[in-house]
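Both of the next two complexes hold chain A, though its partner changes from chain B to chain C.
After this line comes the complex of A and B, so read on.
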């Protein structure tokens, strides 16, 4: 319910998604200044593109996470949400799902663009790549939503959120880069299955932790 | 002297101070030079205990955070806060002594090796926990948010440790399963002694910082009762 409310607002305004898309485009372009196509071919797509992709995804996701609690802050409707007769963990699930949907939509737009910019064959690796991206995005969104709530409570924006999120999410980034790199090399998903399993465990663990601790963040 | 607590604290201070001099003597005089690395290896006796104490501090932070959210006793919050600050301090010691050794042994100040990355990430997490406390509107909110972060950080550290280890590792592993203890007896003694001293120092700092935080609470409560700010 919370998720559908957030997604409805998002669908009507496209405010967050459009700013995220523009932002990630800029990040991609900046990366192209740093590594032109000759460099990319020299280093190899599988070694360079994973880093580029995940920096782009996480930076733009931060923009989205920070906004996800700002809508409520502006109109003070977070108190209304808190007063709703549902468990706080339901609020977390809703927020995290809405964030996940938004970031996933962004990634579906960015992946083809990155294939064009960095010249790799997206269709050949599409299935495994999407699986890798979505699994890691889920974990990122759980932590991001939790920390966005923290940052919103103390009235700080993206800067604090990034400081909190990036160190804690570092295992996720390591795994994400490893898996993406393996998949881009054309290996099957099973070759990175240990990393995928760890990430799945990470997703579950942080979902449980967030469910248990979210109410303490919202409490007044 | 008022009460048994003060006596204990002061004796802990005295014991730690005396033993710390002993540790410095052991590190610089008693223990022999390492055959290949030479004198720079002596940094190991401060570096490794600091690292162990840092990880222990994260454990204290995790326990304190859970206990605070459970009981809402300010003591647990003060303990977690002390563990965060002192953990950050020891982590900084690790990050400073490490490169000094690495420059001699590896030829570079810093490399993105597994444990180094883990330690730096850990330092950042601890610093972020303190930042949130600083930004909070009031003490209660800061305590709650910091406790949530403390739990996440405490659970995250083993994961980061493992993940980074799989990712890449070239750190010298002195003690480990299936490895014969390579240290000369003097080295082992010095190491264990330094470990003890660092744990005592940690206990001392933790006690003092927790008590200062408790006193701050009391001072704030008194000034609020008096109506002033």
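After this line comes the complex of A and C, so read on.
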């Protein structure tokens, strides 16, 4: 129900998604100008595009994570959520799910655009690429939601969120780039299965840590 | 009023570093009783309310709500308490109806849409049910917040300066609602700066200053002028030029 409420608000305003899409477009355009098609072909799509994609996704996601708790701070709705007779882990799961849906929607918009900008055949790698993106996005959203809650309680916003998130999420980003690169080279998903398994393990670990700590983050 | 206290606080302490925001509070609240808490800014009233409603941990002491330790029985305790604050806890981009349906679902109520309609009608906002909360005036938002607070039929209602920023109509409606809640036998814990209003809406009063209970007593038959003088004596005197509650 928390996820449903957040998505209902987002559907009504499109405030978060529009900011994320705009930011992503700017990043893609900048990289598109930085690397023309000749340079892309020389370097190789599989070497260049993964980094561009995950820089785009991660920085855009920060906007979404921060906003997910800003809506609770405006009228102190977070206090009402804390007051409710639900386990705090339910609140975390709802927030993380809403963030995942929003970031996934962004990625579904950006992937086709990146294929146009960097001239690669998205349809040929769609299935494996979506699997890689969603698995890594799940971990990113779990961590992002957790640290967004910390930043919201401390009152420091996006600057603190980025400072907390990126170091802890670095294994995730490394795996994301490796897996995306392998998929864009046309390799089967099994060729990056080790990285995928490690990421799945991190996703579970992040979830468990969040379940154990979210209550203490929300309380003063 | 029942015999067993619905709220028991013993030696409640809350420290923020070296500062004792609450310094050994002992008080009970009987079921069905209404307690008004007065005190100057920084007295610890909001800190106390936050501890009693579970959003802040006490440093030491014991607290029982309906016979249970909230730290061990948090979810059961949260089911029977409600909070109205000067903040509304609403979502501006949801309609009044959507706000109440969300909170009804959060509290696990049957028929959330039906409950939302019932409460919107009780606070005279049914005609604005499908308007976003951000289009509401301050008074209307507080009425919606009242509906949100009462949606799960709480036994204890905490009110932290609920009259802040209300126009006379909204204040009168809130006052009437609080009287109705008292008549229904609910327990009220009212934090307010308005001495006269607090005395009118309470069975007992308590003056908090610098984290300590300075005085408490029965509200019935209290002379307002004498009480105001007594209040200033307990909190350290009126400001220069006199003061009025």
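In the analysis below, the second predicted complex is superposed on the first by the 220 of 220 C-alpha atoms of A that agree within 3 Å, B and C clash if a C-alpha of one lies under 4 Å from a C-alpha of the other, contacts with A are read in each partner's own complex, and residues count from 1 in each chain.
Please note the rule applied: a contact is a pair of C-beta atoms (placed from the backbone, for glycine too) under 8 Å apart; a residue touches a chain by one contact, two chains touch by 3 or more.
Please read these numbers as outputs of a predicted model, since none were measured by experiment.
K.L.:
Who does A:71 touch here: chain B (first), chain C (second), both, or neither?
P.N.:
second
K.L.:
Report for A:123: first if it touches chain B alone, second if chain C alone, otherwise both or neither.
P.N.:
The answer is neither, since A:123 touches no partner chain.
K.L.:
Give one of first, second, both or neither to describe whether A:219 is in contact with chain B, with chain C, with both, or with none.
P.N.:
both
K.L.:
Go through the superposed model and pick first if A:87 touches only chain B, second if only chain C, both, or neither.
P.N.:
Second partner only, chain C.
K.L.:
Where does A:34 make contact in the superposed view: on chain B (first), on chain C (second), on both, or on neither?
P.N.:
Touch status of A:34: no partner.
K.L.:
Counting contacts the way the document defines them, which residues of chain A are shared by the two interfaces, the one with chain B and the one with chain C?
P.N.:
219
K.L.:
Under the definition above, what is the set of chain A residues touching chain B in their complex?
P.N.:
143, 146, 150, 153-156, 160, 163-164, 166-168, 170-171, 174-175, 178, 198, 202, 205-206, 209, 213, 216-217, 219
K.L.:
Considering only the defined contacts, which chain B positions touch chain A in the complex?
P.N.:
69, 117, 121-122, 124-125, 127-128, 131-132, 135-137, 141, 144-145, 147-149, 151-153, 155-156, 159-160, 162-164, 167
K.L.:
Touching residues of chain A toward chain C in the complex: what are they?
P.N.:
So the residues of chain A in touch with chain C come to 1-2, 5, 8-9, 12-13, 71, 74-77, 79-87, 218-220.
K.L.:
Where on chain C does chain A make contact in their complex?
P.N.:
Its residues touching chain A are 50, 53-57, 74-76, 78-79, 81-83, 85, 87-94, 98, 102-103, 105-108, 132, 148.
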